[in-house]
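Both complexes below contain subunit A, partnered by subunit B and then by subunit C.
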Partner chain A sequence: MRGYALQRLALGAVQLALLTVLVFLLTSLLPGDAADVRNNEDATPEQVAALREQLRLDRPALERFTDWAQGVLTGDLGTSLVSGGPVLDILAESAGITLVLAAVTLVVVVPLAVLLGIVSGLREGGRLDRSVTSVTLALNAVPDFVLALLLVAGLSLQLGWLPATWVGVGAADLLGQPALLVLPVGVVAARMICLLSRQVRAGMVTVLKAEYVTQARRLGVPRRTLLLRHVLPNAAVPGIQELARVGDNLVGGVLIVEAVFAIPGVATALVRAVEARDVPTVQGLALVVAAAALLFSLAADLVCHRLVPRTEVLR
Partner chain B sequence: MSIFRNRREFLALAGAAGTAGALALTGCGTGAGSSPAADGKAAPRRGGQFRALFTGGGEQETIDPHAEALAIDMARTKALFDRLVDLDAGMAPVPRLAQKWEANADATLWRFTLREALFHDGKKLTPEDVLFSFGRILDPKATNHFAQSLLSVIDLKKSRGVGKNTVEVALKRPSAELPALLGTLGTAIVSARYSDPAKPVGTGAFRLKSFQAGRSFVAERFDDHWDGGAYVDELRILSADADARGNALRGGEAEYGYEMTPTFARTAAADKSVRIVAAKGSTAHAIVMKCDQEPFDNPDVTLAFKLLADREKLVEVVLAGQGVVGNDMFGKGYQYYPEDIPQRKRDVAEARSLLRKAGVLNKTLSIYTSSVATGFVEAATLFAEQAADAGLRIKVTTGSSETYFKDQLTKGVMGSHRSGAMTIPTYLNDRLLTKSAFNASGWRRKDFDAAFAKAQSTTDEGERTRLYGDLQRTVHDEGGLLMWGHPDWLNAVSSRVRGVEEAPPNTLDSARFDKVWLV
Partner chain C sequence: MTSKTPSQTPLVTVRGLTARAGDTMLLDAVGFDLYEGRVTALVGPSGSGKTTAALALLGECGAGVRLSGRVEAGSVRVVDGDGITKEAAGGLRGRLVAYMPQHPGSALNPARRTGAVLAELARLHHPADPARALAAEALRAAQLPAGRDTERRFPHQFSGGQRQRVALAQTLVCRPRVLVLDEPSTGLDTVTRMRLAGELAALARTGLAILLLSHDHDLVRALADHVVVLRHGRVTAQGAPADALPARRRVTAVRHTPTAPDGRPPVLDVQDLSAHLHSRGRGPVLHGVGLQLPAGACVGVAGLSGSGKTTLARCVAGLHERHVGQVLLDGTPLPVLRRRSPEQKRRVQYVWQEVRSSFDERRPVAEQVARTAVRLRGLDAGEARREALDLLGRLGLDAGTVERRPGGLSGGELQRAALARAVLAAPDVLVCDEITTALDTGATAAVLAELARLRDQHGTALLWVSHDLELLAAVAHHIVVIDGGHVVETGTPEQILDAPRATLTRQLVRAMDLGTALTATDLATAPSVSGA
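For the complex of A and B:
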């Protein structure tokens, strides 16, 4: 398994290298550079030219890329073209908030989705199963921003129970005001719980009908042991892989939710950087988010392997 | 016409505007524009925290007053700093750190008398601080000091301080507009001890507590402010997108939202917790035709296009009715605006005959636009439909929004154009002269340049107004500006807020938080 993990990490490094080249190429294809974009109607062409020189954007693209790549290899993500400060600072500021959101969401989502999946899988076709299925399917059909705006309109503006936005909130205030997390986490979690519980349920239904389960029952394995030891590990595999897929989005920040609640997370920082043609920041953020996503999916695969030690899990 | 009357009433309310024209050269000692009376009779109350929300710019935000570019920057630097002069709601100069000013006969030497004011570090304002600020603004190494081109008229070497409270500003060429120029973007006075933008030393009504670009700005009342100081104890200027601004206001998480959408204004009417403060017709929307290109090098064609626009419809659809129609000139309601030129009306028959004479009827023309400003694409599309009534084919091309203002100069024979609030001479200087860097309508005429130079160096107020009026009339008759509308400027406040004026952006009372208080 260690060999497998190392192999995956090596592959990940190659993927990241390709990604950075791709991101660089794509941002270069966007019209205008950082100097142009800051050219509002008030800047003279001389000022724009001077800014371009100052930002060293007049160098050839290849040179700019290799400079940046060499920096990354020595642990330096480069300097933002907009703030003039290290990209690492921008990353640290935005990633902190996104990580808190992602962690709390996972803490809410995983137990709830597993529980709902098991319960409805065990009672396939029963009243509970049917109601859980209808609710999750219906909720899944509501777009995130609609859900967010409805929750804000109802719970914050009408009833005044919860804060409507994160305006003026610093990362430090978050722990003191957990109420701030309720709506954003609720919106993101709603979608994830729908997807995950469906997967766990499907896994349960399949595994419960498997021959080895019938055999185990026949051998008189107690029901609790059967479920926790034999059914759940197998049934969880599709759920965990789904979690790895939707979990990527959490790490990258959820743009819609960030915009509606004025949360200064990674997605907002990335969009602003693209708009400002701040190439080093776009590169740095994309690199870190992609690395996190790769690690996340590797972790998910390793967990699956631990649960069900079969080679085909490790594709 | 009722709109004119409203606008005048509004100007009269705003205080100094009625007499502001006369102030420009003679000077005036009153703190014009500082009366909070517009909001009711109750006496202002001190205390509390005031949270104001603006569209953010992320890492781009700055509190360097000479690099201010975004509305959120301007609000922050307005809290921390003062200018020598600022602009009232009619874009006429009003005294701030300069108590009064006078010019010599040919407007090449200006003498500004400074008022007694203290910097946040306790030192008094001196002529050296003013000259240091000019020097910093004009520093040729700075790439983001946007007042540079406007203030390039100042001859720093020949300018000097006289005594403790007078500054003599020498100009390289005559300008009667210097006071107004000193009231524009990026002209705040900093202390001669100012070096690190993170540690601002200003004279403003608030003193900085903390600032982080894209995140937060906290300032506290500066008790020794020369203008009486602020009412609120603490000011926070924060960033949030349009929807979040509205929700935060209604949720009681903020007291002020800058630049709200017409949609929000409509829903806010039913909500007792918020109030819209609208400045009528404060900015400008136009479709520009490039006069240096075919077919618009023929003034008959530009006139025909202007006759084709259904302005009422454009205002109703594109601005959701929140605005007033334009008359193909910038600066409706501002100082020097020629109110006597009749409003242009739609006349499809006349337009068609002009177009036929010029042989343009069977051509396809293109408008280059983008979604960089709300209403650009909508206005271009609607105008293309209106022009079709005369048998014209207009194609709407939508380009990249981030680089629009650079691309518009080179792409398309027509384009979308907007302008923020600024003085009429500044608009003419920046948009309609041969040397203007952002000459959106390709309007380059030697005689126009000369007439502008004459107008802006004429010291007699009445004569200068007449000369600017003539220039505007030329633009109205022959120019490439189809200025169809002036959107209202919509801000929103929580119902606890008093003292917010209905001021156009870029003026003294816009996003001004030293005169607000909470009940």
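For the complex of A and C:
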């Protein structure tokens, strides 16, 4: 276990380093820069050049990268070219909302998906299994924005039960107004429950047929113990890996849902920064989101290895 | 110590046990008794109903199977006229009757530590006794070192042979009164098998009633007090092993000296071959092995499991890429398989153990076998099919059987189909890796006859890998013994059998005759086998 954890952590560190380079490279490939975008069309080339120098965009890429990387290592993501404030502030503002949304979604999704997966896996091919499968697959087939618009049209506009947008809401007000969360969480959860419960179900079906489960039953292990101690640890593995992927999506922000409900989350902030060629903000947000994704997959791998310790780090 | 008088009351009584699946009779009025401290063997070819009968003792049957008759274990009525009783649910499985499956490796949960499962089973069946002490005792009885190190390990941290012991410890920790062993000697080399036989005899002496399911007549002869022979679900004979089993027949020699004149270069020449498991020479498995295979000859490769026999075969077949040294076919170096020309592929064919995964599950077996002749010899489909059916027939597989998909064939039948698939290429070198372990005596004889014919008519040279020295002595004109990746001895079968020099060769020779070995005093101290 310890050997695996160390190897996996080392792999994570390498991934993070590569990721840092990649984020920087990709953002510097964006056409135009902040000096171009910020000036209106009648600015003279001299004015643009002056602004470029002022924003220190004229220096070689390698120099800019080392500057930026040093900042990242000391916890300084740089200064926004647009607002002039630290990127960390922008991050804190948008990440708070995204984290609340993600956490609430997970609290709803995980127990429900695990329960549905286990129940339908236990009754593979039965009526309950087929209904759960049909409903979750149908929900998964409806695009997010269609589902979001349908819900808004029905529940907000027709019936007026729930607020339709988050315009003017900050992270601080959020917990005071839980009604705001219902629609966005519902839309995101609809898809994620499907993905997750399918994986849990598949794990259950495979493991229930495994020879070691048959043997445990033949040695007289009662059903409850069999499920909890012999089946679940193995069956959970694909579900946990799927959960890591689902978690990535949530933290990266679910752009369409944010757009439909006007939620000022990470995805919205990222799109805005790209539009303004606010490179330090793009880099900072992308790095944090990607690092979170790495962290999720690291955690998932470590948990799975703890459950079924025969996996290798790299094949 | 219990006496073995027949007047003793049986612990398990089976009378008129019948199993039906639709219109098919799986078992027809089967009856036998099990006694404390005695070994009863259910013997029969695969598909004869051995496992169905054994699982009935646990109150278990396959989906769609209906049991009737009478099965009583201790005071529990397990099966009556209406099938499995309600009593069978509690207190029977594990506590009274414990079953040890055929492939114990896959019967171990990869997510559970050895000690945790043993303690769980101990608490479940014997809540009053200290679980850890029971677990340690079971480990010792299964010949594993008791202690924290063993208890903390996961199944994948044991070798194949040790996993079988872990599975045995799991059954023993339930402290059953009846132990059912399903083909316990499958896949064991002869030396390890001899050791297993000694351990099972010791278990029976502790008062366990043992039901042994096996087609390994030697093992049954060495262990069983009473033999029940099943065929097509019926008891065809029962009694003491000497009466119920056919007389022990040595494999008849089909060996003959190679027809090729001396001095002709060998068709296959392996020179100074070393192989490793990992890149850059890490994990060596073969060290400087050399052998020559003249046309029409048969060279046997003997050794224990894990000695590198299969790696040698895979190097010749081009499947093991991490090797140095050369494999020459008629003086030309053979590249790895993916770089071989179709003609080179045709000339060197390989038949291995565990062939099921090499067949496509969705197509009939005959079609897949015939395909070799189309691909490698350019025959048209009709001709290839005729040849395939002909050959399969000679190997004892009728047209009805081979028109099924692989799922409908037993392991032994598929093994012969795999052999036919290779032989249809009309190879010059045929590598046979333990191809008879899944076969009964009749099927083995058919395979040997077909290979002798191939050598006579086509001049095919055989490289025969096996742990069974008796078989090799019967087929090979020259034997190479491998231990730990080194060639430790070579010679003619007579030299090897009559005057073995290396320690391993002596062990293999001694293990040849299990019956004799078991009565010998050295059984209790049978050589411990590393890496088994």
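Operating definition for what follows: the second predicted complex is superposed on the first by the 297 of 315 C-alpha atoms of A that agree within 3 Å, B and C clash if a C-alpha of one lies under 4 Å from a C-alpha of the other, contacts with A are read in each partner's own complex, and residues count from 1 in each chain.
We adopt the following convention: a contact is a pair of C-beta atoms (placed from the backbone, for glycine too) under 8 Å apart; a residue touches a chain by one contact, two chains touch by 3 or more.
None of these values were measured; they are calculated from a predicted model.
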**Request:** Have a look and say if subunit B or subunit C is in touch with more residues of subunit A.
**Result:** B
**Asked** Regarding the shared-chain residue A:Leu219, is it in contact with subunit B (first), subunit C (second), both, or neither?
**Response** second
**Request:** For A:Glu93, decide between first (touching subunit B), second (touching subunit C), both and neither.
**Result:** first
**Message:** Going by the contact rule set out at the top, does A:Arg272 touch subunit B (first), subunit C (second), both, or neither?
**Reply:** first
**Asked** So, A:Ala262: does it touch subunit B (first), subunit C (second), both, or neither?
**Response** first
**Prompt:** In the complex of these two chains, what residues of subunit C are touching subunit A?
**Reply:** 58, 60, 91-95, 98-99, 101, 103, 106-112, 120-121, 124-125, 154, 156, 167, 170-171, 174
**Asked** Where on subunit A does subunit B make contact in their complex?
**Response** 30-32, 36-45, 47-48, 50-51, 54, 80, 82-83, 85, 90, 93, 149, 152, 156-157, 160, 163-165, 167-168, 170, 259-262, 264, 268-269, 272-273, 275-278, 281
**Asked** Okay, in this complex, where on subunit A does subunit C touch?
**Response** 210-222, 225, 229-230, 233-234, 307-310
**Message:** Taking the touch rule as given, give the residues of subunit B at its contact with subunit A in the complex, in rising order.
**Reply:** 51, 53, 57-60, 69, 143-144, 146, 148-149, 185, 212-216, 236, 238-241, 243-244, 247-248, 250-254, 399-400, 402-403, 405-407, 430, 437-438
